[in-house]
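Two complexes come next, and they have one chain in common, chain A, joined by chain B in the first and chain C in the second.
On to the complex of A and B.
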């Protein structure tokens, strides 16, 4: 009877897609789609910001047209980045307690401070200094409620003297310089959380923060590239081809670094061949085959790299180039999302006994479901739309909006 | 508006820093005030938690009297139980929380679980329980009578020694019953002293140590039934014990 029960157990497990032996508490994954979304969103923030800082700190003049756009993109995604975590944990009303009673030994508890620093000291300040001149001008030109709105945004600092503008510029630069390590911190931190889980051979790796960082840069550049192409189309403006080419070039370099880092990580694991290697290879060749081999590596890395190389260095008409860049950037987004998926979900698919695999079942409705994820993915674009209405980032339309002097 | 007035005065500090400075001071003050108001007073005294929580828990009314407190009045019963197989089972596990009974024994008497449903909580068969733990299948084991009709709960002696190893090793017996070794008796492979059936831990049954045991039936030249599959003892499985690869209670040849 025992073995009949046992074979029932096996049959039930097979019906659930479980293979091999897993502990009872590994049946269900606790970090689901929303926890995949969270590193994806913070990655976009860090990436977009680092792109903006290229112009500011390293004086890459060509990408001027997307400088402000990438700042606003970073801001819009930053505002949404903590929402998946809040929805995942439940009880969002308790989240402020980690500010009140900071726990310095817990990396997760310190997130609030990393986030607050990045949002308030880096992003908001940089946007404010960058737009202050425009805000002041608007507060003078607009009428009615709008006038007061912009007046409040000036915070009372309305001087447009040469000296004041110069200071804006200097302050912006300084903040960007502080901002780069902060952006590294923000996303390195996310990788750190995963990399420091000693008990999980799929996560535990010192390379984790660095790989996260570079994939963040990749996703951020690709996102700004996408937004730039789409907004130009919608606004019936000529794309600045030099800028797009440069963006694609940066994207390619970042992808090369990212890809080789991941390859390095992979080879190291293979060479070390720790006892987990058997189950991890089984996981990669079964459970993660589509999301890792197909979408992350082939569609998300190799194909876009190849098409960017073709478009950037081949002799193609601009039309075709744009299309290739566009497709490549979309594939990169899909690829980076699968990267996050493979890290977060992959790390929970295999049993700590190293002898079995479980499956992840997506929730459709509910606080952690697909619809919530789609909503949280669209929300930053809505915020970005509003931001561009309030603080237009375009350098090519409105005469009164002037670009900073860099 | 106040700020606006100030801008007319010549400041060495750049004008932008004043509102920003005020804003940041406001935020930080808000944080400090919120901390002051919202952090519970005893937080952090002993660790990263509210130490008053300990007092709060201490203030809960006590329901259990504890194992040793029964000894004061029921020492005879305590002595009886402590030399029995229920020595590891505390009185209040069966009789429920009895703190009130200790305060006033005549006023409050604890319950005694007399019905059949209770004992199978521990003794009903469950393959997850360790092999050797006495387990019965309640539907089959003397149905219709209360357990205490035959077993004294404070000294659960068995009326007579169990006849089957399955009384305590049902998990193994069940597994063996549907395996290739179904026809084999447990004693074919295990030497079991009679005391093992009454006081199992003081006389543990022996486990096989030599592969020759399996050779009795499976060696090429063994004097056993023709249908039994044979292996060449010298080479098959090399120097490993047969049960390093085959589970003896449910052997498989893959």
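On to the complex of A and C.
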């Protein structure tokens, strides 16, 4: 393709990193770092929630120590998930129009409803039913403002009778059952936003929602694993090794499915070899080499899968296992972030004329810059910290809190 | 009346008629005449009575870029070379290998000489613009319905309503949209809607010195658009995407996309 570069305009274009021909309006990349962040965050929400549901619905008792933690993690990330979208809009003050006058044919218009459903009906309700007993106890034991704070949180439902607690448990279970398809919907839908753009051969794929979903599960489990290891360290508590092993196992299975699906997508594209294949191949080997081949596939998938297999099934001391799990989970996060990057930014690096490539120039400051992204990445952890103070998720300490109901 | 006088009169009549009839015919056939007449009669513009389309004849385009320039002036499109409602591409087809395409500043400043070591067999210009698709993907994806198809078949953006999410820009297969740098809303060709509803031609059609662009009603025998579709082998861009464009190209090479 390089041979199609000639004389005029090329000098100027090359100064901007453009090769070949792009439509003039394609000079500016429209979905940047913040839009990379959005599917990354929602993926973590969906993944963490699906992990929690494993314990609740499928009775995987061994991961009980992280059940509440994953719920709160999902909630914390859910609260931040729409912020990058909002910050990226040209007119954020009009964003409410999506609720008031949604365009029924638009996939994006459904975001508000899927989000509201997931936050209000699934996450908040589930957390409330799960913690209601603790909230009532706290509202009785605490003094001053705290007492009233917890009183408000009870929403007037203060009964601790056997019957009431049983109802909490039942309701929680029911919501989780509704929650699983909702979590699938939430992230599958984000995949659909990209997968349904027929103008873009990099995005347009029926596999996109499914790949998004499995990568979401991967990132969610890895995140909860990370948070569990770190919080146990900080709190000077013994890690529940059986739980960590199980988490790592689930992580591995999810990664195997995710990796296979992405491989299938890759092979299918290469084999079909449609009109776009030349420019996409050029993009992968030039523009996305580091973020796709190195960080997504090698560092983000193969290395962590290999280290989890070693740690989980090899004869290693627990210390070493923990370190391997920890490193694998971090690499998985890097890998999944790269995946989002490769989808969102990658889909805009080639021209729809299929004749040229452009570049994405990262902003450092400003509303769509690196600092904003770091802020939005840290914010869920701050929220999670506050949530764990208000509603402690730990099952191994703080005797005033009951162990979570199974 | 004598016979001589009658003959003179008949001759005068034929002379006058020969002057008047073509003029009159032209007047009747001129695009937008009806709208003009309607305006004279004080009748409101009714979009449901119209269905517009544009034709582009590749053989006639000389790549002067006046259309792109006129468009920018008429519609206050930012002058930077990265925002266009319409632009002109130059294709150079070598005897072997990939076609070479360029569009320096949308063709507004003209095209410099092709410097290519390869043997360029032929070269041609392709004006591009919003295709005002019947199945417009941009309309489909807009979350608030700010992008819509008007009853006269023109795809428009409501600037007061657009939230600036840029999903429409992603969904457009033709690169016809951009985000207005000052208004922060999606922007694109409107077929010069403010002009056509007054019975005028879009600015790009108006200024084209070779009549490479044709504009008018579809399905109206008197319309130049009808004539264009009748007399040319036409194609639309990226037909396989089923967007059903309403900008038709005559003489477009298979390389054009």
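The working rule: the second predicted complex is superposed on the first by the 396 of 406 C-alpha atoms of A that agree within 3 Å, B and C clash if a C-alpha of one lies under 4 Å from a C-alpha of the other, contacts with A are read in each partner's own complex, and residues count from 1 in each chain.
Just so we're on the same page, a residue touches a chain if its C-beta (ideal position, glycine included) is under 8 Å from a C-beta of that chain, and two chains touch if they have at least 3 such contacts.
The structure displayed is predicted, hence computed values, not measured ones.
Aligning the shared chain A places chain B and chain C in steric conflict.
Within the superposed three-chain model, A:120 lies in touch with chain B and out of touch with chain C [touch as defined at top]. Of the two partner chains placed by the overlay, chain B and chain C both lie in contact with A:103.
Of the two partners chain B and chain C, it is C that touches the larger number of chain A residues. By the document's definition of touching, neither partner reaches A:160: not chain B, not chain C. In the superposition on chain A, contact of A:267 is made with neither chain B nor chain C. In the superposition on chain A, contact is made by A:111 with chain C only, not with chain B.
In the superposed pair of complexes, A:129 makes contact with chain B only, with no contact to chain C. In the overlay built on the shared chain, the residue A:168 is in contact with chain B alone; chain C does not reach it. Residue overlap on chain A between its contacts with chain B in one complex and with chain C in the other: 1, 3-4, 97, 101, 103.
Residue ranges on chain C touching chain A, taken from their complex, read 81-84, 87, 89, 97-104, 106, 111-116, 128, 137, 140-145, 161-167, 169-179, 183-185, 241, 257.
Of all the residues in chain B, the ones that touch chain A in their complex are 1, 3-4, 7, 14-16, 18-20, 23, 27, 31, 34-35, 38-39, 43-44, 48, 127, 170-171, 174-175, 177-179, 250. Residues 1, 3-4, 6-9, 21-28, 30-31, 85, 88-92, 94-95, 97-98, 101-103, 105-109, 111, 193, 197-200, 347-348, 351-355 of chain A are the ones that touch chain C when the two sit in their complex. Within the complex formed with chain B, the residues of chain A that make contact are 1-5, 96-97, 99-101, 103, 120, 125, 129, 132, 155-159, 163-164, 167-168, 171.
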